[in-house]
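Naming follows writing order (A, B, C and D), and every chain is counted from residue 1.
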Amino acid sequence: MVAETKSEVGEASKPKRRVQGNAVVSVLAKQGILIAFALFMLGFALFSERFLSADNVMTVLRQSAIIGVMAVGVTVVVIGGNLDLSVGSMLSFSTVMVVDLHDKLGPELAIPVMLLATLCIGAVNGTLVGFLRLNSLIVTLGMLSAIQGLTLIYSGGQNVDIANQQGTWFAIFGRGQMLGIASPIVIFLGLAVLMHIVMAYTPFGRRVYAVGGNPTAATFSGIRRSRTVFLTYVISALCVGIAAIILGSRVMGSQNNVGQGYELQVLATVILGGTSLLGGSGNVLKTVIGVLILGFIQNGLLLLGYAYYVQWIVTWIVIILAVWLDVAAKRGRLLSPIA
Amino acid sequence: MQTLKTWLIRNPIWGFVVLIFVFFSFANPYFFDLQNFQNILVQTSTIGLIALGMTLVMINGNIDLSVGATVALAASLAIDIQGWEAFANWGNWAILPGVIAGLMSGVILGAVNGLIVWKTGVDAFIVTLGAMLGVRGLVFAYTEEQSFFAMNFAYSDFGASSVAGLPTLAVLFLLFALGTHLLLSGTVHGRNTYAVGGNREAAVNAGIRVGPHMLINFMLVGFFAALAGITLSTQMGAATPNLGREYELWTITAVVLGGTKLTGGSGTIIGTFGGVLAIGILRNGMNLMQVPAFYVLVILGTILIAVLFLDKQLTRGGKEELRT
Amino acid sequence: MSDQTPALRLDNIVKTFPGVRALDGVSFEVMPGECHALLGENGAGKSTLMKVIAGMYQPDSGRLYIEEKETVLPSPLAAKSKGVVLIHQELSLAEEMTAAENIFLGELPTKSFGRVDWKTLFARAGAILKKLNCDFGPEVKVSRLSIAKKQMVEIARALTVDAKAVIFDEPTASLTDAEKVVLFDIINDLKAQGVGIVYISHRMDEIFTISDRISVLRDGAYRGTLETAETNEDEVTQLMIGRSLDYSRNTLHHDLGGVTLDVRGLSCGKLYQDVSFKVRAGEVVGFYGLVGAGRTEIAETLFGLRTPSAGEILLDGESVTVSSPADAIERGISLVPESRKEQGLVLGMSCRDNITLPQIGDLTTGPFVSNGSEVAIYDIYRDRLEIKAPSWRSMVGNLSGGNQQKIVIGKWLAMKPKLLIVDEPTRGIDVGSKSEIHNLIRELARSGYAVIVISSEMPEVLHVSDRIVAMYQGRVMREFTSDEVTEDTLVQAISGIRAQEAA
Amino acid sequence: QDDTMTIGITQNNVGVDSYQTTYEQAFENAAAELDNVDTIVLDAGGDVARQIAQIQDLIQQQVDAIIIWPTNGQAVVPAVRQAKQAGIPVVITNSNIAEEGFDFIASFSGPDNITQGSRSAEIMCDRFKEQGIETEAQIVQISGQPGYTTALERAKGFEDRLPEVCPEVTLVETQPGDWNREKSQRVMESFLTKYDDIDGVYAGDDNMGVGALNAAKAAGRAEDITFVGATNFAVGYEAMGRGEYWGSIYQSPVDDAEAALQTAIDVLNGAEVPFLNYFDTPKITQENMEEFDKPVF
């Protein structure tokens, strides 16, 4: 007894029944974070006529560059399934070092020496998390504290300053221009594009996504997981080094705690950009949007003249709204299905 | 002996606690002293209370980064409100509305966090990261940057008081730790905490209402953070808007040291208690040994990592293990 | 049967996912006291249909009746309270909790103040586990159990409620034969109590043992229902995939090449001891044994995931130390691992990215991954293994279980290895694709590869292997050629009865 | 009482800026020169709770005197009271504790931050008068980290004094710079976008002042702006020398530290010490800077 029923699809329909038509809509809808960005840019523009002036936009971009450069590195670490909370104190360390060495060795030596030292710290992080498989949150929290101490020991707790601020070519990174645009912006966007290409189009990038998505399966696929994780931390450290050059050049000096609290700001921008803390997904270019959102919120609220605490409260709300919009767009409904 | 060994392997942090305890006892003449132990207990009680709630939230697979700000808000409310005109002739009872308001603020903030996590599905990390900033903003908005001072010395006397020879704050912490331990290990809510964190889908399928469940735990951590803020303010007789900065990081560190997994599903109060004590003893011991400030940072950081490393060595499966 | 009211009836259920119409107007019913088998290719929509019944998914349209009363099931809890229980295809347990807690999850017995009544809990869970012939207690942590035992815990859940309908979604995928027998007893018990059973499996022998009726789904649509007693495997297969299959034993002998793999006295601590065997180019060697016999561990050692404590591995006559999977891959070894979710796939990545993952470093033009060669590889194995996915961009996590397994196999076939090891290659795969995979394995061998097949399914081992290695508790008991092996001698060997004793 | 005395100090947050670090070194150097003084130097890292724990730990060790650089003037009062009850004299340094605690301390030694704020206002006002813009000048303020006593007191001193000396100068906006030069630079950049006319910047310390100066220089508007800070740092001193930065308050951490130590020793020796032991923090501007040495920090 065989009861046949209707079947709209032919026998040989190999590619599955696809719901056609709203492809464009669904692609757009997935970009919740872009929509959020556009929405609140519009909001600020309505309230402050200076907000969208070329000058101000450039200022925000310039200011965001330091956080942005670090966020690019941290995005890679997070995609690889780990956290890096040590970037803030590493930034302090690297900036203090490059500024201090500037006068002692000259910028042409100070930069490579500082980068080397920073990469060493990144390598320590990478060894602990990658090769020894220690929990990245605690390792980098520990490193946050240890590097802070190292910085203070290095500088003796004193501020460092560049004596000859006018004459040094070191100024180019923070204060100069490249291609007619303020150099921090060029460095930031250039690095973001470069890292995006690395992550999206090279075998290394693919391996990072795989390791972050499922470390065991990645190992079973012949990926050297420890090495991959190690490299993500080295990349993160390199980005911190670059950020330190921009910062040192912009300020022409450094305190021992310049980077304090940056780790969480950086992480916020990475998450705003839609990178999942679970690892295995994320996008460097979207991190740039996350950076810009945070940068423009802070600037916009300042332009509106709100007291700092009002700015904090509004930032709280905006961050949650932006991420909500993003996840809601991805799942196609506003409220979460959690019962 | 055998049970002690398996117990230690399951709670390696306690091995470490014993280790540093012995070390400091020999290294410093002031360390091994009843009064000093009481100091340590009181000093750890703040982070400790928060860690109790944090353990629940983290076993759930969530996290709460806003606890530090909650500490400040609850402390400020408790102290400011007890000084209001309205309660001027309540005598020592004036403390009560302040404390209740402080605790309520924690519970409400926890509820706000929990509700957002539940309803929007945004990751708890980002929800509470936002709240960490926003609640601090609320604190500054409320206090207008001022510190508050408790006019009534009964308030700070409470912080310095003892029951049965033990500091009240330490007793309070121990009692709440015991209560939370019982909650987690012996009640349906506690067991569901493991289920929700261990396998959310399984929990949903089993008919556990995951949303309200997480909400309750967020309210609990809010409550504990507020309570910690209040006990801390009784030690100072004052509240400052910057109170509790970076406490979230130290709390999470203590909880993870105690063996709770960030991914959720496992952890114990016994472990958390060990983690909290480890940090407290380290800080106290290093103060007594006059380790210079810069080196304290390096040592503390290094030890955190070392503990993690030892833990890994202890729980490793041996040579036959799968190398992934 | 039709004079009774169905325990459960579905009418014209439609369910779509983004890009996929998973259920396309399916109607289906289960009578009380009946075991109704549901069959279909991988991705046909079986699990989706069951999740609709269990309240986990809401259908886009269509109606659901429990004892002819129209019902809406907004949540799994609602379904459970109406007496509908689903045993999941994928394990769904909280690892750090005890077996008892997992069995009674969501309805732990309580005392005052919301305290758990451990005594009652353990007593009740213990009774159920005993009924299932489980050799572990209710207070053991689930994380310490083997997959098979976890599966039994999952099954135990069905027995906690007064069910009207119980759905088993591929319950035997990781069970041994002995456990299977227990399960079937339980199912017969339930039937006797008038419970309606839905039984999903890709194993024909089981379906013909246990079911009363068989319904077939195809591409999300209902294809028909057969009385088990009045049909045969061939008819069912026809309905499912539109053609017949060959279930014969392997007799295809062909010329063998040199010895590719020579394992001498290999041991790994307590996991297995003194294992020796050879695999020649062009040969398929089957490893058969019970769960825990140590077959997987040998494979993992060969793939560089474990360090042997003694013994020697010779590859093409050369003694080698395989230090990591990357190393193994370089030497031309591939391993299709046992657990696709944990070891085989990055669920968040696309189908294409998963398939090309092991060779991503070689698929480059300049420093960049070449999209063209990647898609080309994907296309080859999609066609060859009949992988059903909306496109190469689809997330592997959204594929049906069987299609996921095909992705893993495709990934390792694409490496064109010298030595291919497949561990439970057809777990959860439909009969059509299974036979396709068997053919592929044969074909690979014929073209000169050495292949090791680890399987717990006797027909599979018998069908593909030229030689069979029988293992028991970490030791090789006996080797058979495909000519001399009989089911009886094989069963004896894997139960620890040595050939000579048996003789 | 044996002849060596042990003095414990808990500082606010060493390493957060050079002032505190230099203070610490000066304190240790001064103590090292005295044979009969042992010191225990602790740092609260800006956290009141930790500071209280440190005070308790010092009481536990039965030191002879405790010097406290309060992280918060009110929150340490009960801990100070405990010290008093334990019979240990307490000297407060750098920034004072709340009046409620005066009963429990032996002395306060340090600068007067409120006066510093007023003096900065005077420097700013005098400069505007010289320029003849005291009737229309607009200024912005970049304050220290919110919630810290020093930041609060300087801002208060400045805001209270300014309308007294220059009633027509408007303070258009205040934002915190968190004692951080980079943060201050960012804040100033936004101010420059927002306001076309800024005549003066008051910064809670020179570190932030120089940050603001950096921003203004980058925008090409530094010439028109009078920068006034506090706690004259070396960078501020140099900028003053270049004629870019107008004025500040000269405050020596070495004096600060030595005064605190001396006060504690005097207290222990039973000598008479003034209860509020302010040391002088004079105005420094481009005009009189030769009278001062360049700060070492």
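The criterion applied here is as follows: contacts are C-beta pairs under 8 Å (C-beta built on N, C-alpha and C of every residue); 3 or more make two chains touch, one makes a residue touch a chain.
Here's who's who by UniProt: A, B = Monosaccharide ABC transporter membrane protein, CUT2 family; C = Monosaccharide ABC transporter ATP-binding protein, CUT2 family.
Predicted, not measured: the structure shown is a model, and the values here were computed from it.
Considering every other chain in turn, the ones in contact with both chain A and chain C prove to be B.
Interface comparison, A-B versus A-D: the pair with the greater number of contacting C-beta pairs is A-B.
At the far end from chain A, in terms of centres built from Cα atoms, lies C. Here the spacing of chain A and chain B, counted between their Cα centres, is 29 Å.
One inter-chain figure worth recording: chain A and chain D are separated by 35 Å, centre to centre, where each centre is the mean of the chain's CA atoms. Between the CA-based centres of chain B and chain C the separation comes to 44 Å, rounded to the whole angstrom. Note: centroid distance chain C to chain D, computed from Cα atoms, is 71 Å. Shared interface positions of chain A, i.e. residues touching 2 or more other chains, are given as 152, 157, 216, 219-220, 308-309, 339.
In chain B, 140, 204, 293-294, 296, 323-324 are the positions where the chain touches two or more neighbouring chains simultaneously. The set of chain D residues that touch two or more partner chains comprises 14-15, 146. Interface note: chains touch in the pairs A-B, A-C, A-D, B-C, B-D. For chain D in complex with chain B, the residues that touch the partner chain are 11, 14-15, 40-43, 45-50, 52-54, 56-57, 60-61, 71-79, 81-82, 98, 100, 145-148, 152.
Partner chain D is touched in their complex by these residues of chain A: 50, 53, 55-56, 59, 62-63, 66, 152, 156-159, 161, 163, 175, 247, 250-258, 299, 302-303, 305, 308-309. By the touch rule above, chain A contacts chain C in their complex via residues 1-9, 11, 13-19, 26, 197, 201-203, 206-207, 209-210, 213-214, 216-224, 280-281, 332, 339. Across the complex, chain C meets chain B through its residues 54, 56, 75-77, 80-81, 86, 88, 92-97, 101-102, 105-108, 110, 113-116, 118, 268-271, 300, 304-307, 309, 324.
Within the complex formed with chain A, the chain C residues making contact are 16, 18-21, 24-25, 27, 43, 75, 218-227, 230, 239, 242, 303, 305, 324-326, 328-329, 335, 337, 342-349, 353, 357-358, 360-361, 363-364, 367-369, 386, 388-391, 411.
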